[in-house]
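Below: the structure, in structure tokens.
In this document, chain identifiers A, B, C, D, E, F, G, H, I, J, K and L correspond to the written order of the chains, with residue numbering beginning at 1 in each.
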Amino acid sequence: MANILVVHGPNLNLLGKREPGVYGVVTLDEINEQLRLLAVELGAALRIEQRNGEGEIVDIIQSNADWADAILINPAAYTHTSVAIRDAIAAVGLPAVEVHLSNIHQREPFRHHSYIAPVARGQICGFGVNSYLLGLRAACAYCS
Amino acid sequence: MANILVVHGPNLNLLGKREPGVYGVVTLDEINEQLRLLAVELGAALRIEQRNGEGEIVDIIQSNADWADAILINPAAYTHTSVAIRDAIAAVGLPAVEVHLSNIHQREPFRHHSYIAPVARGQICGFGVNSYLLGLRAACAYCS
Amino acid sequence: MANILVVHGPNLNLLGKREPGVYGVVTLDEINEQLRLLAVELGAALRIEQRNGEGEIVDIIQSNADWADAILINPAAYTHTSVAIRDAIAAVGLPAVEVHLSNIHQREPFRHHSYIAPVARGQICGFGVNSYLLGLRAACAYCS
Amino acid sequence: MANILVVHGPNLNLLGKREPGVYGVVTLDEINEQLRLLAVELGAALRIEQRNGEGEIVDIIQSNADWADAILINPAAYTHTSVAIRDAIAAVGLPAVEVHLSNIHQREPFRHHSYIAPVARGQICGFGVNSYLLGLRAACAYCS
Amino acid sequence: MANILVVHGPNLNLLGKREPGVYGVVTLDEINEQLRLLAVELGAALRIEQRNGEGEIVDIIQSNADWADAILINPAAYTHTSVAIRDAIAAVGLPAVEVHLSNIHQREPFRHHSYIAPVARGQICGFGVNSYLLGLRAACAYCS
Amino acid sequence: MANILVVHGPNLNLLGKREPGVYGVVTLDEINEQLRLLAVELGAALRIEQRNGEGEIVDIIQSNADWADAILINPAAYTHTSVAIRDAIAAVGLPAVEVHLSNIHQREPFRHHSYIAPVARGQICGFGVNSYLLGLRAACAYCS
Amino acid sequence: MANILVVHGPNLNLLGKREPGVYGVVTLDEINEQLRLLAVELGAALRIEQRNGEGEIVDIIQSNADWADAILINPAAYTHTSVAIRDAIAAVGLPAVEVHLSNIHQREPFRHHSYIAPVARGQICGFGVNSYLLGLRAACAYCS
Amino acid sequence: MANILVVHGPNLNLLGKREPGVYGVVTLDEINEQLRLLAVELGAALRIEQRNGEGEIVDIIQSNADWADAILINPAAYTHTSVAIRDAIAAVGLPAVEVHLSNIHQREPFRHHSYIAPVARGQICGFGVNSYLLGLRAACAYCS
Amino acid sequence: MANILVVHGPNLNLLGKREPGVYGVVTLDEINEQLRLLAVELGAALRIEQRNGEGEIVDIIQSNADWADAILINPAAYTHTSVAIRDAIAAVGLPAVEVHLSNIHQREPFRHHSYIAPVARGQICGFGVNSYLLGLRAACAYCS
Amino acid sequence: MANILVVHGPNLNLLGKREPGVYGVVTLDEINEQLRLLAVELGAALRIEQRNGEGEIVDIIQSNADWADAILINPAAYTHTSVAIRDAIAAVGLPAVEVHLSNIHQREPFRHHSYIAPVARGQICGFGVNSYLLGLRAACAYCS
Amino acid sequence: MANILVVHGPNLNLLGKREPGVYGVVTLDEINEQLRLLAVELGAALRIEQRNGEGEIVDIIQSNADWADAILINPAAYTHTSVAIRDAIAAVGLPAVEVHLSNIHQREPFRHHSYIAPVARGQICGFGVNSYLLGLRAACAYCS
Amino acid sequence: MANILVVHGPNLNLLGKREPGVYGVVTLDEINEQLRLLAVELGAALRIEQRNGEGEIVDIIQSNADWADAILINPAAYTHTSVAIRDAIAAVGLPAVEVHLSNIHQREPFRHHSYIAPVARGQICGFGVNSYLLGLRAACAYCS
């Protein structure tokens, strides 16, 4: 059975609650529910965390390093600014899958670059909630 | 009556206590006192917070999003590095006024760029404490 | 029933035949076989094409524009140099999913930029053959 | 009593007359009227000038250098191209406040850089007419 | 007697525990032990802290500002992204010595630039644990 | 009598057929018809070709080099990426006029640069079908 | 009947008088004569102005904004440096056609960029006097 | 006996026929004749191909991959724009020698960079036809 | 007898009157007096002009083109922004000597580049008033 | 016993003799004396050389390659310009320690980059003479 | 009979003696022996020099300028930094052939640029000792 | 009486002897003769040196530091590459005047930047031998 750590980055707790024009109408709880349903189908156990702080996300990655077989992470704003999260992923040595709801290549130029991608196994972006579901399939493929 | 969330970024708690050549002799308490006096005159209620952590500032913006009508923020060092605070301001959808004590255009080049400015209604810098007072006037103008 | 056009870019016909250290041991025929099996499961019809020429890929996109409901494309080397394929995808107006076998963010800098991504719905990279399979799921999601 | 030189740069004479979608519906005369009302309240005397020529603006700054205690300037297009106006402000040695109606950080990239800001005491942008009124308050604060 | 604040940045608590190929086999506790032994020899008192959060490191620098005579800091990932820690060091006005285990000039380009170096007295990198010991000597030289 | 080779680049065969919001409602056949009518008035003979392939366009320029007196070319996407077409135009030594339907300076930055312009006699862009008609007049002026 | 404002930028009054190797042998009067002849044929009225000053050109565009239906402008050196003329054209909201005698893409790199092009309907360069005549045809096409 | 694939890129079929000032008076047939004579002397068998299309050159490299022991290639214009040909050379894994008739370091800046050189064993440029002959010697040295 | 046109650019009329720390204590009249004394010694006639406007300086260069044998010019701020003055100097075809009071290489980076230098015979900077006197000697050397 | 080659680069012979504001009051002889004292303590033998010529420094590194166990080098100005010294260090294959008296990160930008650092084991800068002493300790650590 | 000056740049005297993984096992004497054998075959006289100093290489080029008919030079590290050697080659006006043992395009980016190539007739790199032999053939071809 | 050290950089000993198209027909001896004649008139003593080596020029500047009152230097190729000569000039603290025969702003881009200019009092370029004579006048002006 695969153990997957799911990490949601800053501001993702607001999904579906404010600014639906930007963030859609699906809430984070609903995304997590869809992830849990798919996890059952794929035979995976999930631990799901959301944090607004860069250091807190580093803490979570470290403290789950022994339990988890893979990481599914949407680093949100920290995608573009955090070397610390990158170093944490590289240090724990787990396969990581990076996902984004939106197509970051169609947004502002500073969102085109990811500090996380070079230490992830792969990156999925632009498919809305489906990015998470496809990412969970990809993460599970490293856990057999 | 206008509800204004005032956010002071990292290291501003040191104002007037250390390095007066850089940070002046006025303390953060004295700035807050002046802000409160002007708020009475303008008929505004204030909630004032200072934090050194990026994620903590994101938390404060989110947790005050329903109470506040506008945000007055001096992001200090995070002006130049935080996409997370930028996204938080954009997500809650409140009018924000960005202020700086010093003229950031006369300091090091990396301080010339602001991640916050594009999601703020406007920016005021270079007038010392007066930047805050002018900024409060500007913020209140969005609350009628 | 969804009609999906699958386009393989230049040199992908060599997969599994030469340079296994770079391109793996799976052949393009085997990838296509896996795509066809998943297509049956998802209720999709596939047309699969591989071309080494930029203009030929433009031709294929145009000539299948009326039949296809979505495009699954690995532009390979043309990812980084072709404005013509980008314009073809934009012109036919079909949802497109861009996939890559390798994590392009871990390769040479000139492979980090994609001309195709801004006109695609999303991008998946780094999961080997699984990039294609996840991409087919993503493409089918636009065809109901 | 404070003497303030107010300088409006090129094309600002068109305010409120053409392209209201870009330049709003308030005319330059109305802005000047609001400035004069606030000047009475603050005990300041104003000289107000608008010019389309770079050299003419240099002339005005020089010829008012003995009368004025401070300068309030919206350099408009010359913000981004004029070293001559920058040098004039530096040469006369008066405190200068730079204002912009729009938030220049949200417009084209070439409008993000200001040649004037490094020689001004501060910069205010993005508050519409209020940028001028806040700027007048800031300028008067240097005149006591 | 010199009081030295020793600050370890994010992920350094993993030293010697994971990824020995990258981080070596020496643990942070062993580094701290060596620092304490040398401190006795040099007649220095140490306070040693490790944090994963940027704001927490700012807090520690501020709260030890009155006790410490100098700072020995390995900012790790925040070396390259934190203006807030830079500002904290500058604000407390203590001599600071920046150390790195690895030679940052031999790693990825984004690790070649340090926001901290311009406000530090000096920088030592590339000598493994010895970077810390040499750094402690350097720091004590400012405390007599 | 002037012999003019008219070359249409990739995707221009889709004009008026798909994406009218981007490409207008006029078809390539209608543009060619207008060109032929004007050619009669100006006493010119036309050969008109459209190709999606870069190498095919090089072939056409070479194979018509002895017949043609001038070239009228809309390189479309190859404007920005093709050194080969540039070299072909330079090699055959015929006067060339570069035309574009849209104002390429108002589109994405990568469309602002033309490899073709330095070897053409001139460039006309932004006038829709009229770009072609003005270009034909310009080309004929080199053929007397 | 179309009213066309023709603006010649700095130094164009020297055409045909000095430096024929650079500026040809045709004088500005002769160009204007050819423009007037073509205007009769096209049923257009012309106002023709030449100025060396940036501000003077802004004045001319503004003062003719009510009379003119379109603008034909050769901004010469100001093509590459003037945001003020760009703003004037955008503010008056008239269709503008930018022309150049020489092929600016074959001259020094700083002449390759135009501040005017993004606010013009189109640009014609490289055909000598014919650039003006083709430009007048293009401008008249916006006046029916 | 060494088998050498000789590939001539776009427009090289025009050598000696047009623009002798740029391309010299020697034809491609004469170059090939000299190559064949030297091949006899060196005991090598040659297959010589010229193509104008990028995809066609990829095809030729692939289809000769089993026969050839080494590749001698003048990529001409594709030197500077083709990632596809680079990938083809890398994929077939044969030693490749890149040659240029002219000294590309003395031409336009965009010709100074080669996408091919990093995957070639070496590069020879600037000796006219002799570049090819020296290149053939170099290629044969990999075939014993 | 040599006829020399001396052109002083914007803000130079303030020399010695304001900001002596920046501009020294010598007035422009005193510089002109020294130039006139040296002109007598060298047998030269001078016409001396100062203007703040870019277009006015173009006018002066054009209107003195028939009288002058050479130009001595301190373009001041326009050194770094004016293509129009550059074109005027090139168009009149007179030898020009560019002078600066200060060493522009020791000032802000944007002052290191000169649009004028490539069309001048030479450049002298950094010697205060002596830059003008040496420049007059250099200019006269072209007038025999 | 460790054999250490100490190399002082150009102009360091002037230390303490001229420009004390820049180079301090300690002479090179005094630095060498301190190095020799520490060497006795550490059980190391030193050879100390100062040269102003790049080639001479290469000679010294080569001719001491068999005697030395490690190199302590302050390349001074050649830090930023010499590939030859870099290659010499790499070629002899000895561990090298790079030292600088000043904090090069606080000086001009061109001094931030070091050609030497990537081939050195580590770099120490900013501690004045102590940089050398710390560096000698570091060098000796490679010699046991 | 051709007179060829052979110049070996810095560190090449170490060939085959140290770091065989980088510099191979062939010594400079053996390279020179092979060059002399080939020279006999080609009817050429050689003068062979190796120097570590930039100025010394300039001296050698100058002092052999009357004797030599051509120069064969491996500038080694000075390839990338020496304008002085470039100027010396250009000044003596002899045909020069630049050679490198390794493929400099596969090494660090700063080794991709050559100051020498633009003044050489051609460049050969990547063939080990064969680069010198092919280069001698190329040099002799200029001496008949 | 003023003591002036005159330093000629690499390859200047070839002046007038080779490549007159590039270096003119005047020899270095003739330049020195003209300098000596003017020195008599100005009451100055000269020491004149020419060197091809960077380190040798540093040596000369150092060894004449006590005798000389000012330096007149044409660094030639080292203008663009030598930090060592720059540091030598700064270290000895003498006023230095930088001269060039040609207008470096009209040559290759890499010759536009000078490492020497920021530490010189001023720069004179483009006047041939007259650059030296004007430079000697400028240097003497610092020696009274």
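Definition applied: a residue touches a chain if its C-beta (ideal position, glycine included) is under 8 Å from a C-beta of that chain, and two chains touch if they have at least 3 such contacts.
Keep in mind it's a predicted model, so treat the numbers as computed, not measured.
Counting only chains that touch, the fewest steps needed to get from subunit C to subunit H is 1.
The fewest steps needed to get from subunit C to subunit F, moving only between touching chains, is 1.
Annotation: the C-H interface is duplicated by C-F among the options A-C, B-D or C-F, judged by over half of the residue-numbered contact pairs being identical. Rounded to whole angstrom units, the spacing between the C-alpha centres of subunit E and subunit K is 48. Measuring from the averaged C-alpha position of subunit A to that of subunit G gives a distance of 55 Å. For subunit E, residues that reach two or more other chains under the stated contact definition are 53-56, 81.
Pairwise, the chains that touch each other are A-B, A-C, A-E, B-D, B-E, C-F, C-H, D-G, D-I, E-J, F-G, F-H, G-I, H-K, I-L, J-K, J-L, K-L. Within the complex, the subunit L residues that touch subunit I are 103, 105-106, 114, 117-118, 120-127, 130-131, 134, 137-138, 141. Of all residues in subunit I, only 9-11, 13-14, 18-19, 22-23, 51-56, 76-78, 80-81, 110-111 touch subunit D in the complex they form. Taken together, the subunit K residues at the contact with subunit L in this complex read 53-56, 58-59, 62, 65, 81-84, 86-88, 90-93, 115.
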